[in-house]
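Questions regarding the structure given below will be posed in turn.
As written, the chain order gives the labels A, B, C, D and E, with residue 1 at the start of each chain.
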Amino acid sequence: MTVSYQYEVASSTSGGFTRLLLKWKGSLYKLIYREMIAFLLLFITVSLIYRMALNESQQRYFESLARFFDRYLEMIPLSFVLGFYVTTIANRWWQQYVALPWPDKDEESRLIRRTLLRYTNLMMILVLRSISLAVKRRFPTLEHVVESGIMTKRELESFKSIQTEFNTYWIPSCWFVDLLRECRTTKKLIDPPGMRFVMQEFLDIRSKCSLLWSYDWISFPLVYTQVVTLATYTFYLACIVARQNLLVSEDDRLAVDDYFPIFTILQLLFYMGLLKVAEQMINPFGDDDEDFELNFLIDRHTKVSYLVVDQIHQNSPLIEKDIHFD
Amino acid sequence: MTVSYQYEVASSTSGGFTRLLLKWKGSLYKLIYREMIAFLLLFITVSLIYRMALNESQQRYFESLARFFDRYLEMIPLSFVLGFYVTTIANRWWQQYVALPWPDKDEESRLIRRTLLRYTNLMMILVLRSISLAVKRRFPTLEHVVESGIMTKRELESFKSIQTEFNTYWIPSCWFVDLLRECRTTKKLIDPPGMRFVMQEFLDIRSKCSLLWSYDWISFPLVYTQVVTLATYTFYLACIVARQNLLVSEDDRLAVDDYFPIFTILQLLFYMGLLKVAEQMINPFGDDDEDFELNFLIDRHTKVSYLVVDQIHQNSPLIEKDIHFD
Amino acid sequence: MTVSYQYEVASSTSGGFTRLLLKWKGSLYKLIYREMIAFLLLFITVSLIYRMALNESQQRYFESLARFFDRYLEMIPLSFVLGFYVTTIANRWWQQYVALPWPDKDEESRLIRRTLLRYTNLMMILVLRSISLAVKRRFPTLEHVVESGIMTKRELESFKSIQTEFNTYWIPSCWFVDLLRECRTTKKLIDPPGMRFVMQEFLDIRSKCSLLWSYDWISFPLVYTQVVTLATYTFYLACIVARQNLLVSEDDRLAVDDYFPIFTILQLLFYMGLLKVAEQMINPFGDDDEDFELNFLIDRHTKVSYLVVDQIHQNSPLIEKDIHFD
Amino acid sequence: MTVSYQYEVASSTSGGFTRLLLKWKGSLYKLIYREMIAFLLLFITVSLIYRMALNESQQRYFESLARFFDRYLEMIPLSFVLGFYVTTIANRWWQQYVALPWPDKDEESRLIRRTLLRYTNLMMILVLRSISLAVKRRFPTLEHVVESGIMTKRELESFKSIQTEFNTYWIPSCWFVDLLRECRTTKKLIDPPGMRFVMQEFLDIRSKCSLLWSYDWISFPLVYTQVVTLATYTFYLACIVARQNLLVSEDDRLAVDDYFPIFTILQLLFYMGLLKVAEQMINPFGDDDEDFELNFLIDRHTKVSYLVVDQIHQNSPLIEKDIHFD
Amino acid sequence: MTVSYQYEVASSTSGGFTRLLLKWKGSLYKLIYREMIAFLLLFITVSLIYRMALNESQQRYFESLARFFDRYLEMIPLSFVLGFYVTTIANRWWQQYVALPWPDKDEESRLIRRTLLRYTNLMMILVLRSISLAVKRRFPTLEHVVESGIMTKRELESFKSIQTEFNTYWIPSCWFVDLLRECRTTKKLIDPPGMRFVMQEFLDIRSKCSLLWSYDWISFPLVYTQVVTLATYTFYLACIVARQNLLVSEDDRLAVDDYFPIFTILQLLFYMGLLKVAEQMINPFGDDDEDFELNFLIDRHTKVSYLVVDQIHQNSPLIEKDIHFD
């Protein structure tokens, strides 16, 4: 589900972002509490072994091990790698949102209008089924689409009669063009400029569907994602040893740090949080809290389409003078 | 309110940005003086306790605590995280401004023209009501919109008769299309190209309204915001202990630093200032000094629309030869 | 004035950027020599006091003060803050240039054409008067615009008869539309496609004017600018004390550094230079060397408009076979 | 082949990116295992020589050598240089994908339609042959294109009769325009608006082909690529000496590090991984796992074009009431 | 000349970027070998003086000087400043390429067509003459343009009769419009939609020419370029002293480093290489290896224009069934 919080940060003086820290849904805590608990368990285990189970020479060895791991932490410039990666993914994420089509434009006689809007919605569902797990779960087969009323049985047959190994989400757009051409010939659509707007809108929606499919097909290069993930997780693992509070360094030792490495936890929270931001954004069509609610959108588009076609146009208010008219 | 200062920095030699440092409205100081005062109070309290209330061994313990916190400050790469975050938010912020519709284009016979412009303004108010606290406060109910003359009573009825669970800011656009189609049929609008411009402008305004609504619905991922906020605030808190002037380090100690940590204050000013920049920009439709003045814009659009329709077109100067015409 | 140097760096092997270091107009040196001289005077004064006027214990105190300031210099990540800020401002700067309208497209009968081009230029001057100090100085009142021949007296009356509290730079665009509509009715403009191009160009120019006005109204958030300015200037001030050549540190002391801190000067040159880049770019309509030469542009547009309308079209070469025609 | 993994990271809570670490195709490991093995062999050889073959004074010399190399590693800010470079290349990469034309729009009578679509596909193949090794391998000569049925023999003759030293991928677009003009004259294409859409789509495809060719012609400046490559490889080479576990530094020595420098391997993995990301992205038309599958695209476009023209339009479902129609 | 190497890096596994390191044309080495040789000569001279000519106390003084310079090297964050600068310049560079017009679209009767294409090419040459040294060298006077057949003598007279102090590259566009209007009146151009495409293409080319001219007029602010250049060159100069291998620091001294500071050379190679990247990109219309080959483009556009008009359209293959037609 989409987590909208823009409304709550309307004013930056009265609380502002601080209030956001207490949210759970879609929050940093919800996303990485698992990793944090695992980290703590591992950390405490290692700490206990080091303090209880090892003899003195083993402890000395462990200490050199810890210092060795610590050097590694300084070797990875995690903040930059993550910074550049998240920025690039964030762009891709918003572009994917913008690529979602909004079919509630409208034109002409009722049956044609309904059909046109239906084809638009159908094309959108077909492409979303192939890229989104959530939409696929809602419409596992095309029969489910027929049931929902967005496709008729005859259209399904027509659709299935096309044998090809390629994704065919664009077939309703061909029907659409045929329908439009027929309207033109039979003069049901009188004016050419109106038709041009319909055509233009439709081409726009079609190219958006194709862009959505492209984002799915052409993933962001795996290597980059692996580099970033591996860097973050080795950092996480190295912390388990490297951040142990050593018995030999008396100066800045704090008892609390023996079993609850508070600042290491915070640091991991930030780094893994950033990685989670990227994970959420890289596929915005899944099940994450932040993912676009495609099923909601499908409902909205379907219902609003019918609303526009059936109710609103038969209910348009008459033109009248407004109160400032003199 | 929008804080415009571009005019004052016209020349970079004579004063330039320096003058901007003295502004209060929308300034760094106004935004974070609360946090700074809180910081100073906490800092002085801790300092007094450390110096007065603790015995020597407790002081030694506190000192190791301070050094411990100090190490943390070096662990968070705050400047990068903030740099990447603010840059991304700044883009979103300007895109949101650009998405605000400007309906003062114009066309055709007076009553139709007024109605068209009214519908444009109405659609804008409807969408702004759902995303801006300030506009919502001005028009708490649709009756207030009717009172302001932007909607007639009959239109309100028509509007309310549409039962749906979705946001319906786009309904006036359907009326608009119906009105336009009627004009076409009844030949009140003679020329098709003119109509196409009206239609195109209107589709553009409509898609801008829908983009505004999208920016509100799809917030920037909460996790990123939380990471940045948490990093800044833990930095702020850690400073209270870590930046205490320790009794043991004689060398670079300055008395002034005991109770007024001047440079820490400055550093926090920069980091929290950047966070505030992001807070202001993330929702530009609220009450902050920097937020877009939507109510002013609504007034402007309404009044200018009527001005254009009623006064200017009845007052157009006759065509005449200019003074260089030979 | 605009400083164009692109031509001089045509080749990167023969001198390249090195030659640019010797320029004065619009140069780093011209922009910040004042700050540098001030810095040197302050630095030398402090140095003299430290060496001559202070007794030994005071010198020791000063030394701890200097070390204290020095620590601060390391606390501000100036290069990043400036890097992100300048990059964002540079984008805004170029977008503002691109938003400047270029009205030298042309169409149809001479008087109408002149009037259309005049209205275009007039609209541009009206919006520039409200955002640029330089243009405001050239046309302090609307009577000056009339004098320049871009507005007729009758048009000024018409313009002044519109009473509103809002910026009215867009009024000529209404006249323009009226004029065009009249042409259409009276058949002076025969072909609709031609008219559509005129209309489209004009809408484009109008929306550019409105964008220019928006850039002026919606300044880049003051807080960000203040953070960056404050960071740079406190760095500058802290340098005066922190970079003093201390008597106690014998090792790397150089006599030259006592009164002329060469590398500190260079470092400040870079940081303050970057700040100046941002200052110049944030308002490109002012008096800086790098600012867009709006008055030149106005002259150019006016003269070129008349040239096109009056001379060129009456002088078009006849169509003839080129030399390769066989 | 394109490696699509977007579907697998639909949810960021259940596994998320971690699962991606196990992939082989298109993975970090597949790309740089060669470099890693080479590194280990060299590293172990040097280590063995240092420990076994050198006498003590030679060992001392080697140690100073190692420290000397180590200083170098700190001198190159590899993470930034790579960060900026990869970000810029990633933009170019996606723009190249977006520039690939998708010709499955359609219009009008069957033979004309087929020919038009054939010309579109032909133009695309001609431009891809000149920029992609993979497509060149598939169609080594134009005769192969004729064989595949995308070009007729007569068209090939026509094509070959044009003698010029420039790339002529755009010739089918001239034929296309001629064909369209003929259709217009002979009234096979009745309506002008339909023709305008065909023309617009075609101009769009043509300019995309020309953009593709431009990306190939205007490579990203070689110097930048060389700087980045050289920096990474010298880092790699310097590591072989610098990261040797010296006999003299007892403190943090670990036996495992003598012959298997685990963290150095990881660090190289990240840096060289980022370089490989750039290498893959800089030419997305080659043979890499991440490269766009152009031959697949050509197949798809050809087959889908014929599908649309021949099957779908003769099979369009009749318009009928949907189940919600009341 | 443009250096295209995209084809050679088609596969990232087999050699990849490594092969690029051996290129000379347009390479890092070719661009900065001069600076490197100068550096080495200076470095060796200073080294010899230090070792041979100075007495011991002078040597001690020199050593403190070297340490002093060394501190400076750490003060400049060169990698960031260069990173941000090069990224911004790289964007500008590609935008300039995209702004180059490609006039090989075509329409209508032969003489008119030739003239239209000639005017397009002429306008492009006129604007390129004023921004590119290379094109200016090829066409030093307008008579050279006449000789090349792109302008007729009568057109030159017409062109010269326009007296103005402004750049007049846009005059052919006025002739073009006049020619088009005449065609319309005399019905040589029958269909309005065709004319609209011609007009639209032409307006597009004209605005590209104007954008090119703008990039030349509005250089990237000189201050930024100076800051970056100065920072790089002072770094270069400081290295000559700072990186001397001091006699006193025995530990990590290597004899090879006395006269050939290998890693300093490499570091300078990277930093100066990045500066060269920016130098090449800032004016892509010059003589550098990476600069756009404008004279080649002019040849191509002229020849291809005539090819299209004269040969191809008289040679269009007849429409026929393709081999898959059933």
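The working rule: a contact is a pair of C-beta atoms (placed from the backbone, for glycine too) under 8 Å apart; a residue touches a chain by one contact, two chains touch by 3 or more.
Here the structure is a predicted model, which means the values were calculated and not measured.
Participant: Quick one: which chains contact chain C and chain D both?
Facilitator: E
Participant: If you average the Cα atoms of chain A and of chain E to get two centres, how far apart are those centres in Å?
Facilitator: Inter-chain centre distance comes to 39 Å.
Participant: Mind checking the centre-to-centre distance between chain C and chain E? Centres are C-alpha means, answer in whole Å.
Facilitator: 24
Participant: Could you list which residues of chain A touch at least two other chains?
Facilitator: Residues 31, 80, 83-84, 87, 276, 280.
Participant: Take each protein chain as a node, join two nodes whenever their chains touch, and name the resulting shape: line, ring, star, complete or other.
Facilitator: It is a ring, because the chains touch in a row that closes back on itself.
Participant: Could you give me the chain order round the ring, chain A to chain D and onward?
Facilitator: Traversing the ring with chain A first and chain D second gives A, D, E, C, B.
Participant: Please output the residues of chain A touching chain B within their complex, sorted ascending.
Facilitator: Touching chain B from chain A are residues 2-7, 9-13, 16-18, 20-21, 23, 26-28, 31, 79-80, 83-84, 86-87, 90, 97, 102, 104-107, 191, 193-194, 197, 251-254, 257, 263, 266-267, 269-270, 273-274, 276-277, 280-281, 289-290, 292, 300, 303-304, 307-308, 311-313, 315-325.
Participant: Considering the complex alone, what residue numbers of chain C touch chain B?
Facilitator: 31, 34, 64-65, 67-68, 71-72, 75-77, 80-81, 83-84, 87-88, 92, 111-112, 114-115, 118, 131-134, 149-150, 152, 154-155, 157-158, 161-162, 164, 166, 170-171, 174-175, 177-179, 181, 184, 192, 195-196, 199, 203, 207, 210, 214-231, 233-234, 238, 275-276, 278-280, 282-283, 285-288, 291, 306
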